[in-house]
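One chain, subunit A, appears in both complexes that follow, with subunit B as partner in the first and subunit C in the second.
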Partner chain A sequence: MSEYQPPLEDIDFALNQVTDLASVAKLEGFQHADPDTVRDILAEAGRFFSEVIAPLNRVGDRQGSRLTEDGVVVTPDGFKDAYHKFVESGWGAAHIPEEYGGGGLPYTVGIVLQEMFKTANMAFSLCPMLTQAAIEALIRHGDDTQRGLYLEKLVTGEWTGTMCLTEPHAGSDVGALSTRAERQPDGTYRLFGQKIFITWGDHDLTDNVIHLVLARTPGSAPGTKGISMFLVPKVLVEADGSLGRRNDLRVVSLEHKLGIHASPTCVISFGDAGEGAVGYLIGEEQRGMRYMFTMMNTARIGVGIEGLAMGERAYQLALGYARERRQGRPVGGDPTVQSPIIEHPDVRRMLLTMRSYNEAMRRLLYVVARHVDFERRAETAEERERHGKVVALLTPVTKAWCTDLGVELSSIGIQVHGGMGYVEETGAAQHYRDARIAPIYEGTNGIQAIDLVLRKLPLDEGRVVHGFIAEMRSVAEPLATVDSKAAARLTEALDALAASTDWLLGRLAGGSYNDALAGATPYLTQFGTVTGGWLMARSLLAAHRMLEAGEGDARFLRSKISSASFYLDQLLPRANGLVPAVTAGAEPLMSLPAGDF
Partner chain B sequence: MSEYQPPLEDIDFALNQVTDLASVAKLEGFQHADPDTVRDILAEAGRFFSEVIAPLNRVGDRQGSRLTEDGVVVTPDGFKDAYHKFVESGWGAAHIPEEYGGGGLPYTVGIVLQEMFKTANMAFSLCPMLTQAAIEALIRHGDDTQRGLYLEKLVTGEWTGTMCLTEPHAGSDVGALSTRAERQPDGTYRLFGQKIFITWGDHDLTDNVIHLVLARTPGSAPGTKGISMFLVPKVLVEADGSLGRRNDLRVVSLEHKLGIHASPTCVISFGDAGEGAVGYLIGEEQRGMRYMFTMMNTARIGVGIEGLAMGERAYQLALGYARERRQGRPVGGDPTVQSPIIEHPDVRRMLLTMRSYNEAMRRLLYVVARHVDFERRAETAEERERHGKVVALLTPVTKAWCTDLGVELSSIGIQVHGGMGYVEETGAAQHYRDARIAPIYEGTNGIQAIDLVLRKLPLDEGRVVHGFIAEMRSVAEPLATVDSKAAARLTEALDALAASTDWLLGRLAGGSYNDALAGATPYLTQFGTVTGGWLMARSLLAAHRMLEAGEGDARFLRSKISSASFYLDQLLPRANGLVPAVTAGAEPLMSLPAGDF
Partner chain C sequence: MGPAGNLQGIRQALAMGADKAVVIDDPSLRGSDALLTARVLAEAIRREGFDLVIAGTESTDGYSGVVPQMVAELLDVPALTYATKLEVSGEEATIHRQTDLGYDEVRASLPVVVSVTAGVVEPRYPTFKGIMEAKKKPVETLTLSELGVEPKVEQVVVGVEPAPERTAGEIVEDDGTAHLKIVAKLEELKVI
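Coming up: the complex of A and B.
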């Protein structure tokens, strides 16, 4: 049996009973993505990721990608072959519009494919994820020549893409970057500078890598306003599409990281040889940050998936162990034989915690993805805008809440294994190491919290967030008819979230930004936990309805009710304990002089 | 500057203003441990651990201990030399009674030495910690011959000790072990079997290793009742104390672990050569588990220290980075220069969270240690018993709450570093990896929670726990005179803890053990968090009192008030969010069939 079994039954339930995939299939161009077709597609994709990609997770961790003395990045055994199968399979292009050579599936389906890839092999999945970002940039902001030369091969996966943002003194503060781009008489640019933390910055999977590089042109505005975006191929591409000479850029070193060892994290020097790396301006000068922002939502949601991926993978491994491992006897059990540890209440608490959070994350991701599809394809501009604002609101929550949980759940995964969890051969430790990057990259979770509070809460003077909370409230009434205790918990949690929200909006309105910033991180956790509660309530209601109607598999549906009830009664109330931290203001944080810490 | 600066000022404050070290110095035999003497001792010890032991933390992680083809365990560069300096310094024997060659310091001081060693180098510290357990076993249960032959060299550290409990099918369920010990006509035994997870089971630091091995004699009772304890030296010791031939035991392999790489975790085979490993019975046959239990409290407290150690080390590294690293600008800051990230509210929240939890853990550990000293040395048997029961109550809380926090805080430590935290060279990742073992060994934290609920709450029909909660309540009134908000938070948290406690005791009284077990883990977290609140309240009161009296350094005292207020207002309320999980009962956990997870 593979190390990863895609949870197709829960995926199907989440897509159809909680997310309303059918409504997505009514959008222009998505008519072929009806639930039955999608079910078949996902089953086939699940086999691919389970059988071809998942088995490379461990070897990828053990061997890691490495830089040879000749400056070549060599990937772990089996990656090249598997990558070629991935390209042949077309899964990487499944949710790219058909006009660009993709499969034209909704993002709501594409996100499931991403979930499967990431759960099968998180480090490997980063390569197509970054390629995806490059594709999006070209589709939205590239010119016809650029699209003609690069897009098809990126869509098929024959070439891969990167995003080169970070520099040693410009991490969270992108505006501080100093890589420079000098315009040439022929309209091309020459780039000089060093970029760090370039994910899959080079490798041996394909014969070209297309870098999207943020840099400054001479005389540009300071800060983020003066930044431009350039397309910088590893190997220059001739006008006829053939490969020309190597560009003036090289991998200086790879980072020695805690996890995602298979993913080569590169330091890349541009223009070391002196002539400068040839780059092609994307769109207009000094608009690079705006282009970045247009890709940001899906990139951040993409990282949010990694929280679910590590939680799910850790759960599957822990569950298998808990069923096999015999140790001790439960209360009232046969004293002469050891029981599987899954019979112990405390082990069940750990497993149910993982399971319930995973379900909540999956529902959040799919619901956000549905809003993305409506943002892109809804009939009226007004509808598109409305959905876009919900995407904007939920993106930082999805990124940060899920990735924090990925760390927490992979830690629980180790704990279920006891001493064996601490031994690398078991595999639980890899999830714990891999999961730890996701709260950091693509905007640290602290940055996400700031984004949520400073930029997203004030959308339409707070009407977007209030509308979302009102939508969540609407589930409490039907919930009360089947589970009054859960409904009371949800109402209490929503009241507390509304109070936190009003407090923050009040501080922002009064110009007390530091007070709002001080509460940002606990607020994001509160927001995510309550949103998870709302979605688990919908899950519970759907399962009840189906059971009553005699639809579906009763055992499966009862198990959905179990996780939802557990979440609503036992995990959701944690959110209320965060309110004092949200509303404490900046003074308790800022009053201590830095030297007195 | 060394990577670890012992926080002598907070240690001193915690010992004297929160823990009342002076009262310990009034106990029989501890009169020399007056606060001034202790202060000097700790300053000197701090230099040793900071300068000699801490610098080996990174090399220990990188190189790890390794097993050569000849079956020899080789420790990382510098460990042997540092260990000899440690033996010469006498720090390892400082808190062993003088009659056995130790320094005769109270455990309340010894725990600080352990804290310093563990914070300086957790993997290294495990070697003397295990030796300490062997010393305790010999002092309490060994006979004169055994003490005469082994004790002195263990006390000086010329030899080290191990505890050999775990077997592949006997982990948390120690009673399932099957290593057998056959009595010989000469009164010695021959042992046959394999033990796993033997910390510092072999090494090149000393010329002998003394194993304490749990095994079964033929015809012994099943389960834990039939287990005996044996002393099994690596090299046999002649009657005159000289070293004889190698015993029949060998290291089969070392585990490849997530962290604590310098600590060799051994699989050891006894009796492989056929003759059996020569072992000497400790005490009487079939009393081995009782002997283990007598050492359990200090061993578990010892592991609890590791939570603080990793939290403190992670804090110091993160604080240094946050003061140096410049990125972005705070609200209202100079727009032309990047600020140190410690000026950002969210970074301050992370640092204050680490700092406040560290202070709370330190106070808990010292207070428990003081109870241990009173348990051993108080004047009357009644007093000793009373203190012993508080030790029994607080031991599982100390072990589990602190080690869970060690994981949480070392994770925050990575987050403060952003992308640099994920790069191994920075060092933050090592703390995250090292910290993860502590919730597992010496009884998993789930086992601690079960111990707390099933064995400790019912002590004296609940009077021990109620008495402790009442003691905690007594601080609310004075607290209200200086900080009414904090006092209200504390009272609310104590009410919730009392309610949880009553609910659990009620279920136990009614024979519903599974209901109590189901709530055990969240209850332990609630208990630890509230106990931390009580101690931070005492810290806050002491600082206020000293400020008013014009004693001490005002800046330092104000910083204590900052962390205590932060804890009471923003961290303590999290405990209340756990009540629904504590009191949910077993049904939500147990109703889902194991096959439906």
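Coming up: the complex of A and C.
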């Protein structure tokens, strides 16, 4: 049996009973994504990721990708073959629009495919994920020649893509980057400079790698405003599409990382040989940052999936262990026999915490993805804009809340294993190590919190956030009819969230930005926890409705009610405890002189 | 052959690349024996026309392992069985037939029935495109009368008995002649 079993039942329930996939299938161009077809697709995709991709997770961690003396990046055993099977399967292109050679599935389904790949093998999944970002950049901002030469091969996965942003002195502050691009008489550019943290920057899976590089043209404006985006292929592509000579760029080294060892994190030098790396301008000069922002939402949601992925993987491993491992005797049990540790209340608490948070994250991700589909395809411009604003609001929450939980839950996963969890051979430690990158990259979670408070709360003078809170409130009333205690807890949590929101908006309106920044991170956690509560309430209501109607598998539905109740009764109240930290202001953080720390 | 209500396996085969499926769904096929199964399959295959019929070696419920050979006989074509490898070149099919010691290379002219052994070939995974296209592929459902086969079951189950329980092993105490007793025992069992 594979180490990863896609939780198809919960996926199906979350898609159809909580997210309303059927409404997505009514959008223009998504008619083929009816729930039955989607069920078939996900069952087959799940089998593929479970049988072909998941078994490489451990070997990927142990061997890692490595740089040979000839400057070639070699991936772990089995990755090349599995990647070719992945390309053949078409799962990578399933949610790319049909006009570009993809399968034209909605993002609401695409996100499940991403979830399964990431849960099966997070380090491996980053390769198609970065390719996806390059595809989006080309679709939105490339010209016809660029699309003609590169798009098809990226969509099929025959070539992969990267994003080259970070430099040693330009991390969270991308505007500080110094890689330069010099325009040539023929309209192409020559790039010089060094980029770091280039995920899957080179490898032996494909013949070519297409880099999207942020660089500065001579005389450009300082900061983020002066940045341009260039397409820089590893191997130059002739006008007829054939591969030409190697471009002037090379991998200088790979980082030695805490986790995701199979993913080669490259330092790439452009223009080392002196002639400069040939680059092609994407769109117009000095608009590169703007182009980056258009891809940021889906990229950040994509990283948010990794929180769920590591939480789910850690849960499956811990659950298997808790059922087998015998230690101690439960109260009132047979004193002569050691019981499986799943019989102990504290172990159950750990497992239920993992299980409930995982379900909440899954529902949040799918609901956000549905908003993305409506933002792209809803009938009226007004509707598209409305959904777009919800996506904008929820993106930083999804990214940061889920990835923080990925670390927390994979840590609990180790705890369930006891001492064996700290030993690498059980595999629990890998998930914890892999999960740890997700709160950092694609905008640290601190940056996400700042984005939420400074940029997203003020949208439409606070009407977007308050509209969303009002939408969450609407579930309290029906919830009260089946579980009055849970409904009261949800209302209490929503009141506290509304109060925190108003406090922050008031500080922003009064120009006290440092107060708002000081509360940003606990506020994001509060926001995510309450949003999770709203979605688990919907899950509970759907399960109740189906049980009463005699639909579905009763045992499964009761398990949904169990995890939703646990969340609403025991996890949701954590949010209220954050209010003092959100509303304390900057003074307690800033009053201690830096030298006195 | 089976109830048309559950087409999961059929859909998967279509998604893997088959162009068309024919389902023979008839209540009188319940409890079918190997010969009736072979007659039904042979008739359905004859109706479609064929060059090459590929079958598994045996089903995982009946385990008779004779249906492919029966189908070949009923179609009056050669049967190449227990194939671990199959090559078709022009009008000729060549297989490696698994044996106790290795394999025999066996050839026959088309049309032919080939039965393949389990676990030798890794089936391809259905692709995304394959799954979507499978939705549009024809699945024809036929009854026995439409096929013109009479549901005659000739196999009779005489009795069902549980396998004998395992008996305790024989212990040979070594009084210096144990090796002789063991050799005698092995000779009795005809293993040496």
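Quick notes on this structure:
In this text, the second predicted complex is superposed on the first by the 597 of 597 C-alpha atoms of A that agree within 3 Å, B and C clash if a C-alpha of one lies under 4 Å from a C-alpha of the other, contacts with A are read in each partner's own complex, and residues count from 1 in each chain.
In this text, contacts are C-beta pairs under 8 Å (C-beta built on N, C-alpha and C of every residue); 3 or more make two chains touch, one makes a residue touch a chain.
Note that this is a predicted model, so its numbers are computed, not measured.
By the touch criterion defined above, A:94 reaches subunit C but does not reach subunit B. When the shared chain is aligned, subunit B comes close enough to touch A:414, but subunit C does not. By the touch criterion defined above, A:251 reaches neither subunit B nor subunit C. Residue contacts after overlaying the shared chain place A:172 against subunit B, while subunit C stays out of touching range.
Within the superposed three-chain model, A:541 lies out of touch with both subunit B and subunit C [touch as defined at top].
In the superposed model, A:569 lies in contact with subunit B only, and not with subunit C.
Once the two complexes are laid over each other on the shared chain, residue contacts for A:397 go to neither subunit B nor subunit C.
Taking subunit B and subunit C in turn and counting the residues of subunit A each one touches, the greater count comes from B.
With both structures placed on the common chain, the touch criterion links A:594 to subunit B but leaves subunit C unconnected.
Counting contacts by the rule stated earlier, no residue of subunit A appears in both its interface with subunit B and its interface with subunit C. Put simply, subunit C touches subunit A in their complex at residues 11-12, 15, 125-129, 131-132, 135.
Remark: subunit A residues 32, 37, 40-41, 44-45, 47-48, 52, 85, 88-91, 93-94, 103 touch subunit C in the complex. Those residues of subunit B that touch subunit A in the complex are listed here as 166, 169, 171-173, 176, 196-197, 255-259, 319, 323, 326-328, 330-332, 338, 340, 342-352, 355, 407, 411, 414-415, 418-419, 421-425, 429, 432-433, 436-437, 439-441, 444-446, 449-450, 489, 513-514, 517-518, 520-522, 555-556, 558-559, 562, 565-566, 569-571, 573-581, 584, 586, 588-594, 596-597.
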